[in-house]
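Taking it in order: structure first as structure tokens, then the write-up.
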Amino acid sequence: MTALLSARDVTMKFGGLTAVNQVSLDVAPGEIVGLIGPNGAGKTTFFNCLTGMYQPTSGEVEFDGQLLPPKPRRVAMAGVARTFQNIRLFQNMTALENVMVGRYARTGTNAIDAVFRLPRHRREETETRRIAEEWLDFVGLGEAADLLSRNMPYGDQRRLEIARALALEPKLLLLDEPTAGMNPQETREAEELITRIRGLGMAILVIEHDMRFIFSLCDRVACLVRGAVLIDGAPETVQNDPRVIEAYIGTPVDVAPSADGEGDSDA
Amino acid sequence: MNDTGSLVTLAPDSSGPAPTGERWIRFAKPARWIAIAGAVGVLAAPFMAWAYRPDALDDVSFWGEPSPLQWFAFALGLLLLGCLVAPFVIKPRPGRRPRRLLAFNRGAKAAASGSLVYFAVASAAIVLELGGLVALEPGAWAGLAGALVATVATRALPEGHDPRLQFLNTPAWGQILGIVGAVALVLFAAAYGLGQDGASTFVTFGVLCGVGVYVAARVGVMGWLSAAAARNRRALVLAAFAVAFLFPMTQDGSDANMSIAVGVLIFAATAMGLNIVVGLAGLLDLGYIAFLGAGAFTAAILSRSAFATLGWSPPFPVVVLISGTVAAILGLIIGSPTLRVSGDYLAIVTLAFGEIFRITMNNLDGVDGPNLTRGSNGIPAIPDLELFGFDFGESHMILGVQIGRFANYYWLMLLVLALIILVFTNLNHSRIGRGWVAIREDERAAEAMGVNVFGLKLLAFAGGAFLAGIAGAVKAHVDVSVTPDQYIFMESAFLVAGIVLGGMGTVGGVLIGASILKLLPEKLRFFEDYRLLMFGVLLVVMMRFRPEGLMPDERRQLEFHADDDELAEEIGENIEAHVIPSLAGAPEPDLKGDDA
Amino acid sequence: MDLFAQQLVNGLSLGALYALIAVGYTVVYGIVQLINFAHGEVFMVGAFGAYTTWILMGSPSHLSPGFAFGVVMPAMLLGGVVAAVGTALLMERFAYRPLRGAPRLAPLISAIGLSIALQEAVRLFYGRIPGFPDSRRAIPFPVIDGFTGRSWQVAGVTIQYSTAFTLIALLVCTTLLWWFVNRTRMGRAMQATSQDPDTSRLMGINVDRAIATAFAVGAALAAVAGMAHGLRYNNIDFQMGFMAGMKAFTAAVLGGIGNVNGAVVGGLVLGVVEAMATTYIPGQFGSSAWKDVWAFALLILVLVFRPQGLLGAKAVDRA
Amino acid sequence: MKRHLAAGVSGLLLVSLALTGCGQRNAPAAPSGGGEGKKVATIGVIAPLSGGLSAMGNGIRNSVELAVRQANETNAVPGWQFKFVAEDDQGSPDPGRNAATKLVADKTVVGVVGPLNSSVGQAMQPVFESAGIPLISPANTNPSLTRGADLANPVRPYKTYFRTCTTDDVQGPFAAKYLLDEGIKEVATIHDKKTYGQGLVAAFTEAFTKGGGTIVSAETINPDDKDFSAVISKVKATNPTLVYYGGEFPQAAPLSQQMKAAGLGVPLMGGDGIFDPNYIDLAGSASANDLATTVGAPAESLPSAAAFVTAYEAAGFSGGYGAYGIQAYDAGTALIEGLKVSLKDATDVESARAATVKAVGAVDFAGASGRVAFDEFGDNKTRTLTVFHVADGVWKAVRTEDFK
């Protein structure tokens, strides 16, 4: 099986601090991979390296057989879409407009088309609107199309962000804590939504703290601790690995001295 | 801060009756009669002399023969009286719910206080011009007293219901007629106002216009008009351009106002180009005047002026394209740092670029550099344009009206402005416009969504610069001479201020801002020495209290009030309200509560 | 070689003036990420404050050196500092503080407005005070006997007293500033605020006061620069702040905005570059008419290729 | 208290009633003043009445108004009454052009004096040309305004434009001649790159080198500069015996002061742009022995100028007549002299405009600054110039001569 996404020895250093240390990770087409790890383990930094928001200090990322350049736009155009841990919607746009922005990379109207209202503009504009409405329906926000995104409830904003990412028609979707801050009801809905996205054949890489969510949903789970992959395997394996539990709960007091000095200094 | 002032919400707010009204409401009946008495005073005043000598205002020293300004006061009085008497005349048909189309009480209040302001300003003008209270004649006193009585008395009237005129199903021709009528009124006001030489007459007339708009808004006419305008955009645009096109016809062959009008149009066109950069792409450019200058210098160098340094003068359409292109190339150069630099830094880079442009134009004089611009002498004696046999320098008779040199250029500039507005709105309502909004909102998220951030920023710079370059090419011929000292930082600051004043990202706002900034100094010359001071203070005050401008773009307004959730709700509702009627075809009559 | 040395002295002297103003930009930017565009006007107000003090002292002239150096000049300096600091604090309180949460466009436009308004206010109203000279044109700065126009000759190089004054002032001011920022409670509060205002507030730091202090410190240095300007060029006018402010800002960016040492280095480098460009760029482009172009081109190049400045400072990626 | 107020208000009402003139609108307004039955011709002024140049602008305005008043008093053109109108150009082309169109639109305007700046003059020349109304500038010194682009083959671009001042190409050579006569052969030039300064230095350089002098160094400064040390060091290295400066006193004074402080102890010479008492104030003791050329003879030595000064002071204007007051007064007088011919038999102003332009071109009279007559380009034929130097803190005349 050839991997859709393949990160090789990705390392990210900020000054003296190594946030991501030689992480290698593969995602196969149609696979859901969970990325877990305690706070400050470097999960989001790793995401940022994948999507070109950071230029990794070393290592490379291959997607669909091509090396990904460290340019967020090129990554997006290659077919990788993402959501953000702290929702980054276009606050003062309506839900529909947000999703339409997601179509940007898939349309080609240029300034001349737009100024003179040439056929391409008209065609793409209608199409963009139609597709955006479809994705809104898909995530269950069809009724909220004309709401300003800043006025929407928190859970809806998360779903809107996913719809915006989906509008890009990605092959790989990166979700950064899609259920953070949600109540159990919303979490269940999100879970259901992600299952339906998988039904579309998209691969998903998801960061999450909700273990129930991860272990019920993912095909594979990788655990990141202090910037390095601790374990990468089937959910059951990871779930029962003592090191994972230790990483989350902490080392028993009597063994402590071995691991000190490398505290969670990054945030 | 919550009265948004946008077109759609100009209709009276839905807050209940004012507390004072509540307290005095039991005196409503007698108050109405007292107010009517006041209105009669206002109506009588125009037939009396206001001033002792003729030099104040437009000669208000006659008995029985009102001057135009006095007739306007009479009209205000009629409005006031009408609002007061209307409830006696208009009775709901038995068995039907009252239609409550107009809010007459609110209108009466507005008309009364408006009259008071009008008479106060007029009296103040007389007193200032003739020196002393003695100069006031009984007419002025009668008007003041009547308006004061009416103002006090109308306070006791209940606030009443919201006007519902805007939800009335008016036939399309009626709406268009309303728009045309309103636009024609604007034409008349503009022509009349510009015709006033005296600063006091101009100010008094300006106050009248303000009062008129205010009363119309309170009564509910404005709400109807803006709803009609929103539904008939094309008619509005056509009517506005027709009126702008007809404006020179009202000037009776005089070039005096046309010269000012051309200046306003050039300024507005440039500001509109800048609005693409600032208003749409959200990049502050403090050196924008350089693009106008680049266009003007290019056109001057390529003109048939004896001072032109290249000795090559292609036909004007070609020159326009070259001017635009030169400016656009400069725009690309100045825009290229946006790849690495953003925010305040970019603003400073553009400022530095503007200075570099000015100094360079000054230096390309054959001494400190190749002789291209003749340095500080600039390029004078640029001949008038000749397009398809039409000489812009000549006067022409059109429909019996003499159309002079500046009117010719006015029409040309009008076309340029129309082009720029077209580019502006079409870009705004397209994939590109959406990209710009996304960049403004969250640049990194936009990039992660595949928006070509750098490309769109460059497009804004180059496109805006291209349009400014075109405006500059015309300006060179209007001004006859092009010198570097016309393109200083202060001019860039004025352009930014024009946008900020009117409202970033909107067409109407920029037109209003440009008119205010260019017209007022011409008409209020006595004020001249304090112009810059006021300008600076205005910028500070605007940023403090209304950073989104007089006529803001809704989205922009939200950006400036990131923490104001109430405003967001309100505007959110408005946006939905726009969308629903346009989808449903007709407005819903009971969209708003019965007696909110 | 003499010419080179002379131009070096000229450049350092001019650069020291830029540096004194640039520190104000950098301190304020470091703490609130605001380009105080009106800082050039604070410098102008400082110079007028010093001049006003001189008038209020009864326009003393033909003084003994002891009295001039011991009483008149310190008093003028103090007057300038008071005026500049007062102006800066008012600005901060009424124009900038209310805009702290607003988009970054708002304070910048407000600053431009302030800059214009301050210039115009001085132009229109200063000269109307009875006994004050017409401020619509340049005002001659007081002549200090034994100082104005005096110079040393060192190995063929002319070093004016005013040059020495500017350089010494820069040295003293930056030393005091270093001490203030690193060794006092308020200085540490400022540092904390610049790192993270919200956390600082939670830790009990009076953030408003820390920010106001940054404005005041910058203004005090600008006032010293205003005094130095008056002594050096012997005249002051309402427009003197615009170009000086622009150049000083360039200097601050050159060194790395937010970094005090950077501002000093940037100022000196800019001054020297201007002086040398006038002398050593051959041909038409070497004329003094182009030196501002070179200065601004340097600014743009630095911003594009090394946004963190020569000495490096905070990340510039702030939208 | 209340009673007082009531009394006051009713008193005011009574007074205003008493003063009421029950006129009739549309009734022919009685002309105020003593001009019964006279036709009205308007003489305009366009000058910077506000902003940084307002002192000079108001001097021009007042001086022309004085000329108009005197013409009305002496009944200069029988049957005609002159009206005076002043417009502000803010020293900038755009408002200047608006002011020009405004005046031109007035059917009674017969001629205009102004403006101060050459760049403003350039912007309004075509407006007056197409209206056929004479424009006489008291202060535009740029030669190309009257002689076109190619000064070697002069062609007059606008036949309605005249000026009473001397152009830059006269002052420069005059200064060169003076210096050569004094035996000064090595001069450095500096100018501010503005039209005036650059023109002055260019004309000076040509005449000076032709006369055998050497320009040891030619430098420029920016008008906004404060620090001239780099330029001065550069100039100093070439050891000039004098620095010739093209520009105005706000830069010239600090330049002179910084020159002396930097050890370049040679005099600075300039044109009429530095001939101002403020120059000496600003430069202080450093200005001693600095030189300036001016157009015209010194006012105290010319009886006609002295008469103007007396009349100006008696007229009670606020503010002095400024650097160009005398030329403005002469411009106003030249216009009135022309009108004496053109309006004599005219029925209305509009039809007399063409004749006025012709008549103004032909005037020849003794003005405040000396003889005033225009050559075929519209320039003043008289070219009397004076050299001044600073001694004991004031400008003192050194030499006056007619320069050919």
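A few remarks follow.
Which chain is which? They are A, B, C and D, in the order written, and residues in each are numbered from 1.
Here is the rule we go by: a contact is a pair of C-beta atoms (placed from the backbone, for glycine too) under 8 Å apart; a residue touches a chain by one contact, two chains touch by 3 or more.
Nothing here was measured: the structure is a model prediction, and the numbers come from that model.
Taken together, chain B and chain C share the touching chains D.
We define each chain's centre as the mean of its Cα atoms; on that basis chain C and chain D are separated by 38 Å. Separating the CA-averaged centres of chain A and chain D is a span of 74 Å. Averaged C-alpha coordinates put the centre of chain A at 46 Å from the centre of chain B. Contact of a single residue of chain D with at least two other chains is seen at positions 54, 193, 220, 222.
The multi-chain contact residues of chain C, meaning those touching 2 or more other chains, are 242, 287, 289, 292.
Residues of chain B in contact with at least two other chains: 359, 362-363, 367-368, 529, 559, 562. By the document's touch criterion, interfaces exist between A-B, B-C, B-D, C-D. Across the complex, chain B meets chain A through its residues 422-423, 426-427, 430-435, 437-438, 441-442, 444-453, 459, 463, 555, 558-559, 562, 568-569, 571-572, 575-576, 579.
Every residue of chain A that touches chain B in the complex is listed here, in rising order: 51, 53, 72-73, 75-77, 81-82, 84, 88-94, 97, 100-107, 109-111, 113-117, 121, 124-125, 128, 146-148, 150-151, 164-165, 168.
Residues of chain B that touch chain D in their complex: 49, 52, 54, 59, 61-63, 65, 67, 133-138, 141, 254-256, 258-260, 263, 305-307, 359, 362-363, 365, 367-368, 375-378, 380-381, 384, 393, 405-406, 479-481, 483, 485-486, 521-522, 525, 528-529. The touching residues of chain D, counted against chain B in their complex, run 12-13, 15-17, 19-25, 29, 49-51, 54, 88, 90, 92-95, 97-98, 101-102, 104-105, 118-119, 122-123, 125-126, 130, 142, 144-145, 148-150, 155, 157, 193-195, 198-199, 220, 222. On chain C, the positions that touch chain D within their shared complex are 2-3, 6-7, 10-11, 13-14, 17, 136-138, 140, 143, 148-149, 151, 153, 158, 160, 162, 229, 232-235, 237, 239-240, 242-244, 274-275, 278-279, 287-289, 291-292.
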